[in-house]
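Both complexes below contain subunit A, partnered by subunit B and then by subunit C.
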Partner chain A sequence: MVFWLQKIYGGGCMRKLLQIHLHGMKLAFFSSAAYRSDFFIGLLVVLAGGLLSPLLIVLIYQNGASIGGYSIYQIFLIQGVYLIASGFGAVLFFDIVFSTSFRVREGTFDILLLKPHSLLSILIATSYNNNGIANVFGGMFLFIYALYHIPSVSTSEWLLFIFLFVIALTTLLAFSVILAALGIIWVGNSRLFDIYNSISKFASYPVTIFQKNLRMILSFFIPVAMLGFIPASVMLNLSSPSLYISVICCILFFGISLLFWKYMIRRYTSTGG
Partner chain B sequence: MLKILKKEFAILKAVAASTYKEWAAYKSHMALTILIAPLGLIIQYFIWSAVYSNRTSFKSFSLDQMLQYYVVSAMIGLIVFDFAEWNLQMLIHTGKLTTFMLRPMVHMRYALYQKIGHRLLSLWIEVIPVGLIAILMLHIYPETTNIFWSVISILLGFFMAFYIDYSIGILAFWVVKNGSLRGALGIISSLSAGMYFPLVFFPHWLQNIMFLLPFQYMSYVPVCVFLGSYKLGSVALSIPQIVLVQAIAVLLMYLVSKILWYFGCKKYMGVGV
Partner chain C sequence: MSTIIEVKNLSKRYKSYERGSSFLDVTKSLFFRNSLYVDAVRDISFNVDDGEILGLIGPNGAGKSTTLKILTGIMYPTSGSVNIMNFTPWENRKHYVKNIGAVFGQKSQLMWDIPPIDAFLLNKSIYDIPKIRFDTILEEMLDLLSIEAIIKKPTRQLSLGERMKCEFVMAMLHNPKIVFLDEPTIGLDVIAKDKIRLFIQKMNSKGITFILTTHDIGDIESLAQRVVIINHGEIVFDDSISALKGKTENRRSIILTVQRPFDFVNIEGVEECTFKTNLEGEFFINTDIISIADFIAYMNNLNGISDVVVAQQPIEKVIKELYIL
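What follows is the complex of A and B.
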């Protein structure tokens, strides 16, 4: 009980913050329900966009070719993990990128600064987006389909996979925080998401097909490999001890993103309005 | 006649120049393409290098031809890129279209001239740098022996992309919240235009359907003309023949957009003025 009422970073208590987030989720749901047909078509659009990479894989393998000795199911598993992670990221927090950019341009970002809670947390609470759920389902479908066609996975591998999946979500949060922070000074840049979108595409394919230096960058410096390949490699028996270094790099990446966010908030000068 | 043409050219110059200057203020937004486009090319480079590691041909493409396809497709995609639909739906929904209705110039023509100005800016900020990156970094050399037909076909692709996009924007006269619908049509048109991968990858029956759709004339046909051969489904045409078919398709699409515009204007009530 005491835990719920204890003061937390940025102001307020845990119970209050949880209530705000639940309210944010409810609002997101009701705003989708207001334009149901648009919402459902939106789900299909997100799903279709997410399934473009698997479609390329199907076309390649159907024509008798393969990628770097991987079976189609192994690649589906990687792409399934990536889609689930990015889907959860889109539902839970990725809209802070657009939200920050939009609010800074419109001058409504200042309103959030006045709230008696952590700015980032409030921003997340007001940026839930239900459309990402389509990628979660699309990814689940690919993931389960691939699981049926690969050797069985042990309990310890499942546990490690779940741990790495949480790290993948943390990495995604770090990406969204960095992009949102960029939106504070790069006012109204509608292409911030394109940067992430093009970098994250690397996560849909086995990292081993890339050149050694690029592999290092994707595994340790801009840890995109954690979004798909590294968690999937545990289930495919392809993991190496270097995955633990990647985990540390992802946690560091998250820490850097928070520092970057704080730095950008300090540089924020109210505009628009 | 010459007087009318001179006047029209003066209008074109004025609208294109003002759009050019307007967007030149946001050069950094556009210049992000220099970062984003090569990442997409790098992924394709490694995927196809892995595919060709144990074969010399895939769907009658050599590795060199495949990589050339992606580079030329990326460059042509940037030249024909259009956002008229976004602009138009915004004007319709906010009622700002009324101000254009009062001008002695049809909005469609105005939007086309805007596109010319926008893409002229893109030519040196996006298209040429992407080509140079492909040549200098990835050593992919886009070459053509059909320079005359390529220029004609790219210009026709430019107009086709505009009329398709503008027609999608016109749907805003009937559908209030059409963001998802526009997204869905965007994915279908990009996929059917061969912007993600060559259309010959698809099953034969689907290629035959795609031949009847207008989308391939935006990007796939110009890319094929540039690379020197055209085939889709059961149809194999010489370069002059396919450019002629493309010209007819552009004319038809122009008529379709004019008809849609006529009926759309009848629905327009200027809500929000």
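What follows is the complex of A and C.
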């Protein structure tokens, strides 16, 4: 874990890094609190967007249909995990995608390169976004509600779940880094984010309902299944040994994202003077 | 004085794209783009001494900002070497940037929705500045720039001059040895410019080296001890400000108001003339070829002089000549 944190944050004293990131979070809150109505409307919009999918599930199950033989509570648990993970991702690092694109276009990306820390670390520290917290709470509500309706979960399953949840956040970070890196050269790549957004939605459904080839892609190559289904499958007693291969794939995916980031930084040309 | 910056044979080549402006050109560019290579900086070499204020000037697109970005570690060069305080900026960026500060007139370090003091405190965390040192430096800066009253207001409510002063605070809080300034007085009124120039002089007297790029000749005249002029990516002048001013020693600007309208006469030694009306004109003369007295006597005979103003040719004119070389 420390190794990965050092990879992202470029080593250095953890206390100092924590201080910078806490300060960044505080400033993000101050910035969004400057426009109060936008702050509250933003939270509501994010929450409404996040809960759209569970509402659709309710409609499907109320009409007597089901998804791949799963109970509504099992689907809620998967979607709860997905919402919590994507909510944390949005709060902690997803804004680096938009921030990079915006800063490169405006020329203020240069300013980040003048700071004596890992560029990615500074970018994350200056790109926190509070709105995602609505998804975290929405997801938690769904997750806890579903937990009451499924068989009890053992301590070892909880521990494995927490481990997989950390891997899910690492995978989300990898996606953010790749999209942000593309924004360095491919300025104005907002459509790429839309594509990612659509693909990541697969994580909020059981991967087993998809065709085999797609299942392989979602579990190992573009490992979005880790963002919801795989961690939830541990709680539902549906996990298979292949989840460990998915974990390795996610770690490799993260490593590749960092290499890609470094490669793109070298290609950064800044804007005209 | 010891050398603090050593630039040798530095070059930077960009890949750029071009397209026409017609509907067809734009549609075509969605599928095919014409790429072209631009040599922004071509084999330039120069040194900067510790504690010096160097003016790096040149026309738009000359390569000044590219040079500055390479020197600050923001950009990789295509070839050449840079040694700044034993660092290669783009290779040891994280360690190197602890020792430098930068103010970009057109790129803000402040955050639009929150007061500058919050941004200063973020820099305190980033540079790990001890509280006592931070408070001391901040107090001194606020006092020098007279901005105590505004640092708690949201940045978006500040004037351009106030924001620029805060940018200087951001750049200086960690006590850098070298500060890079890219058009720091752009868009400022004369009072704000004066305040910032005084601030730079004060900081320079403490031994901080400044590299200044600007289009404001006033900045150069009042601050720079040495001037490097870049044009088309190449250095066309590298000498002291007095040497640059010396280029105007044999040049004079003579403004004449006459009684009879000017006739076009080709006078040897008159390098340029502009006419406000047909009774008032400015002549730039080379005194090595024609003396002031001879010129005035000649013009008096021809048009009858009613008023005359003689001045040293402005430094802008010399710089302009170097720009169009």
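Just so we're on the same page, the second predicted complex is superposed on the first by the 255 of 273 C-alpha atoms of A that agree within 3 Å, B and C clash if a C-alpha of one lies under 4 Å from a C-alpha of the other, contacts with A are read in each partner's own complex, and residues count from 1 in each chain.
As a working rule, contacts are C-beta pairs under 8 Å (C-beta built on N, C-alpha and C of every residue); 3 or more make two chains touch, one makes a residue touch a chain.
Note that the coordinates shown come from a computational prediction; the quantities given were computed from them, not determined experimentally.
When both complexes are superposed on subunit A, subunit B and subunit C sit side by side without a clash. In the superposition on chain A, no contact is made by A:F253 with either subunit B or subunit C. Residue contacts after overlaying the shared chain place A:Y35 against subunit B and subunit C alike. When the shared chain is aligned, subunit B comes close enough to touch A:I209, but subunit C does not. In the superposition on chain A, A:P116 makes contact with subunit C only, not with subunit B. Look at A:Y128: by the touch rule set out above, it reaches neither subunit B nor subunit C. In the superposition on chain A, A:F94 makes contact with neither subunit B nor subunit C.
Once chain A of one complex is fitted onto chain A of the other, the partner contacts of A:Y82 are absent, as it touches neither subunit B nor subunit C. Remark: least CA distance from subunit B to subunit C after fitting both complexes onto chain A is 5 Å. Residues common to the contacts of subunit A with subunit B and with subunit C across the two structures: 35.
Per the touch definition, subunit A reaches subunit B in the complex via residues 35, 38-42, 44-45, 48-49, 52, 56, 59-60, 63, 65-68, 186, 189-191, 194-195, 197-199, 201-202, 205, 209-211, 214. Against subunit A, in their complex, subunit B makes its touches with residues 28-29, 32, 35-37, 39-40, 42-43, 46-47, 49-51, 53-55, 58-59, 177-181, 183-184, 187, 191, 196-197, 201-202. Against subunit C, the residues of subunit A that register as touching in their complex are 10, 16, 19-20, 23-24, 27, 30-31, 34-35, 106-108, 110-111, 113-118, 122, 266, 268-270, 272-273.
Interface residues of subunit C, counted against subunit A in their complex, comprise 14, 60-61, 64-66, 68-69, 72-76, 93-95, 97-98, 100, 102, 104, 106-109, 111-114, 118-119, 121-122, 125-128, 154, 182, 213.
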